[in-house]
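For clarity, chains are labelled A, B, C and D in written order, and residue numbers in each chain start from 1.
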């Protein structure tokens, strides 16, 4: 009788701290043993010449959210987790979106219902808080935190979502009391409206104008403000989808002051620039997102910040719409107008290959840093560690066998989300996930999904280890 | 028949650019001639051993404003300009305070009426804009700017005054169109409310807690935000009463980016610290103001910033209440509560002696810098130059004979405003104004006022020279 | 027959990446297995309630160096490694000091001879290069690097040691070719001489004057210069014993530019300040070292820099002299003169407890950061990883059982080096190493050394992983 | 009988502090009067529509220095001052170059002899100190300072000139004692040698490689070091020919710390970039100078720094060689090698028109800033104020009538130095000096020199007003 369910043998096992060759033995979905000569398993996987990485954790992805303005998000939990698994991601943390005037618990319940029976990998939820009432903060949040919802996403822009400074302070104070992490979308809403109105008044509504609606100071200001509010309340914060060198300058400055300020970025922010919005027709709609991708100097700065730990989380900000058809990006056509295109792009499956290739492959970040930003740090910052995010005894056996040498040209037909395009069409990467295990189950191999919807489980989150340097 | 009305002979004449010994001849209220041997005047003043400075310009003083919460400002235009003149200041620029829902013109007319027949030195008005309606910005402001009202004061805090970011952008855009300077009181309102509520809830309402309602990040954040909004609109701004090293850090940073960001400070911010709020009884009420005085490091930083031109305006922020009697600072007694004391202090008369003594006298700034911050820069930044702010041919003969060696202990009985105290009681200074001329008239000598209310004239302001480096 | 030599059971195993409870099994001096239920060993150690840390690596310690000016270092490899082991340190990297005019190989051979038969834990050598001749750099270094000497220490000050900029560039270029790490003692030599001469000329030779010989700009300038020279050559550098907020400011700035600049600090730089040099008599001689300990602001900055990864190595800079007797610190008495006291202090045994207590215990750094700076980073930066610096399959079984709750008052009689004092006399710490294993051998328990000199082995170093973020 | 020798009527008179329309009356070579209706003069000049500026002061120009390596400087005091006068410059401060081993006084005497009978405008001398012996610093400097030589130029690079840090400290300390200003050429000599050797070894000796010999860190490092040495000695310093954004970053940083650090730049550093060194043939030799011109970002930063007072002096660094003939730039031909071309270019005549046009004309700096950097600040920083550098009663009547509207295409044939080219050939500028007065004498008009060599006088310099903010 086999002692283990699975042994992965001879791979180069990488965590945020270590890179060593060893065997990994799995029992009952958890890592039971690491050793130099492990055997006795139902399944033996030969990982020689491969990397063995903790399954990726994508903590910024919009799944099965409600449509708006006629736009309809492309993915449900089935398609999104299929794509995640094929891309080497074994945990997702999408948002449970509170409707204004409604209890937080409604949101949580609603998104549980949407995930139920669909997910193929594990998931937790951030509370997307649009209405931080006394009831929500004083009554609901403590209970929800105890139930495993320990992160809150708030917005400084977007109608129906944006909170004012007093609301943000209240959220931060409540987060401090309940030990939650607050994720902040930092853009100055008034500036975006002011600049958009100027462009619209001038009839400058083509997609090429989109970056002009939210230039550097728009993100930088809100970043500084978010930092200051966190400083006043004395609570850690996490800035999501940091896109620009000027925002990074603020985060660096905060870190140098000793503040607990964390930062997330996404592949699109080291890939695209303002120039991409000058592409003809609807092409630019494919990478239109908020904040807008910037410039080469920002790309360099993001890599430096990732390498130095100033940015500590890599997410996809997956927010997929189809280009064509009802509810798609062209829905308000026939002409593309920058303010009538749904922002967002698919990215849950390409996140890890793109950043491994451009980062580890090009020598911009080390392998342990790649693991840190794609798995370990998110786990620690959102209370999933050590269950997720590492390869250690007792952790869930979420493992990715990564072929560092496989070269792949990204194209739509390879991908598993429900969108009808990828903004990375034609991009060539080196390094690709060849097997993805979730709690010891082989869920995807070479782009083939091997399990049924519903096997993914909800993960209640503990208090984040924000203070863990 | 005398050729000149007045010749000031043999003084050390200091401007923002030069310090030379020469004679100054005045005719019809203006400086007619500078020379090495001027004579032939009705009045010859021997200035040997004295400095001859441009009359001070105090561009931040609250005069004859409406009371609130039962507090009654102490000064009208008669008492305020008496104090100004005795302190070496020959031009004041108080605020014409717009009431919400009322036209700007009402405010301007109302304050003209309050000044009429009272002022003994010249005055202009900033528009204190509390309601930037389309009407105010689109219709009224262009006309008012043409009439000589070319500066706008806005607040980021205070009930009834504070503007939100979108309103600020609108004001900045209107200022850009009309060539006006926007002065900004930069403190984060939500943080002040949050921190105040925490203290009040904890019963910590003694004056010693006052600085805790608005610590460094509160001013720093709003300063950064104001800079960003000005950057988005591409218009110069001026931060008033900069108090802290952290706010200065932001201004420096903006300057290094090439932004046109100006900064004002006041004597209280290089004099008092948070420790002064621990004085017993009502003593701390005397120097309670917003933002709160800070710490020694901020004092040092303010001096460095003045010396280096990073802060370019010295004002008093004179806002005088009596301590005793109805409408006084103790009005809501018997116990002092930090949120029931009117913020503000008298300072219009002591502004120049305090800063000359601590600045020029202690070697922290040069004499030309003192003239620049107390007269020349305000004149340039608010459209009064070259009529005011310098000693040049054609300029108004607003002159102060300054005895650099006279030592004076500041005490209430020396002063001429209508308050019943000075926060600087007992402070010893070296350097004192001994004669003050306004348009060639000797208006004050050794603390004695020599003219009647009503001789002061309104000064229509031209477009500020914000771009003049 | 037992399968393992040793199993450490139930401890909280901490590495630079992970903190998890598991068992650690050792075979033939190496870590054979990590698991949740390991048994079958000759020796089972119950580690429940204890931390299990990688043995500390002290990469800056002066052992058995030649005397100078009559001073005689207190420690040989026996006493130093005894002290190291009792303090939780299982690897030391002292210096092989090249004499000017002599080959590097002579130095290496000489220090091997001094270590031979004495060390109880493992050791490697940095080449202390005082004479970077063409022969040394062009011929010897490549061969030495191949033999396992892959780090070079150079000095910017000290007679007989200091290199000029051209020599430093040559060293850096040679290090780049051979893949060596260059450690730099960064102080401006000319400034120290200038300031010292001024003090000596003024008869100000008491120990209280010592910090005046090397104030902030002395270290800051040399730090900036070292960074610039490394930038010109395009090679990583490591600044040793960083003591001041101004030096850290430079390192931060370099990191933000994306330069590979590493920094080391020591316990004395978060413990003592300039005020300690005002202690009476010879007391100040006990903590006299170069650069001098600074001020509270620098302490805070060092902790922030350690937490943020800006400083990445913790060493002792152990350089022990006795106070009394021939060759001791008082050797040039009877009166203490700051320039006639040997700089340096013992610290090899107290390094880890002091920093665990003040850092992890006080919440200034996380446990993984403590492991990173005390073991993992030094291993990576000096080519000892993964053999040393972590607890991973295949690594040497250098383990410390750490009792996080034990409170100890540091006093001379507890310590094992050959000095006759500790500068930390009377300091109370919480957290103490209770068992130290080197390659699976229990070498020290509760301050008792359990092995004989000579068991420690030389460690040839591989190419440092400076680029590993 | 005329009361004045000269009255300049109706011009727009600009100083560093003021810009006003008035008349300027001159008597005995000095400004006797400023007024609104001055008459009664031997000569009346109608300046309506013109600017009246203080004569320019060029405090960095190499005149009649010895040749070296076969190169022969093109200009003597006659040709240089002719060019200066025609370009609106009425005071020059070239260098009295000490030969190593020789007394300073020899240098001063020698350069006096070279100037004698030749100059047409006034001149002072900086001591170019190459040998700061005890004799030079302790004996000679105090006497020379008393005689009017109050500035010292030192080099951190160049064979035969460069001083090491200890020598620099000694110079700074001596300057502090004698009240002298120390000008520093800040480039790291060792880096230049290291990089040059690498290029030469690789056979990369074409002019396009020249900028690679001294990239940003070379100037930045030396700038930081110079600042630190000045800080240690507590004495003002002035960095000459600041060329790069990275050097400016250091100066800004020093200013923010409150250090008295001054900076000079030159037209070439806002005109040329590294790309100009790729011009074919010998073309790049025309603008080859040390430090090398940089990049557009540095140009922008220089303008921002000039506008903000971070750089306070504009000089030409005139160092003219002919291209052709013996001693010319091609002397070591036939092929151009970057290390065999004399660095330096002519610029004494084009300094003011180039910077007026690009600065004031393009709105990058104000008119008063132009006067400040071209005349007032140099006068103050080198002890010539108020005799020179302003238009004030008692100052020398050094005046330039400037036509702000005249457009000129710079070409060799317009210029008056002895070189055979201008690096600005073909550059179109707007704004040109039409009359230049030196002590009331019209010395040049529209490019025609109206006086004879020998009328220029030596100017003994007083103690610089470095502290005058």
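Please note the rule applied: a residue touches a chain if its C-beta (ideal position, glycine included) is under 8 Å from a C-beta of that chain, and two chains touch if they have at least 3 such contacts.
Only a predicted model underlies this, so the values are computations on that prediction, with no experimental measurement involved.
Any chain bridging chain B and chain D, meaning touching each of them, is missing here; the list is empty. Greatest centre-to-centre distance from chain D is found for A, with centres as Cα means. Equivalent interface to B-D within the set A-B, C-D or A-C: A-C (over half of contact pairs identical by residue number). Computed centre separation for the pair chain A/chain B is 51 angstrom, with centres defined by C-alpha atoms.
Per-chain Cα centroids separate chain A from chain D by 57 Å.
Shared interface positions of chain B, defined as residues touching 2 or more other chains, are absent. The full set of touching chain pairs reads A-B, A-C, B-D, C-D.
Only residues 164-166, 168-170, 173, 188-191, 193-195, 215, 217-218, 220-221, 224-225, 228-229, 231-233 of chain C touch chain D when the two sit together in their complex.
On the chain B side of its complex with chain D, the touching residues are 15-23, 25, 32-36, 38, 252, 255-258, 300, 303-304, 306-309, 363, 365-369, 372, 376, 386, 390, 392-395, 465, 467-469.
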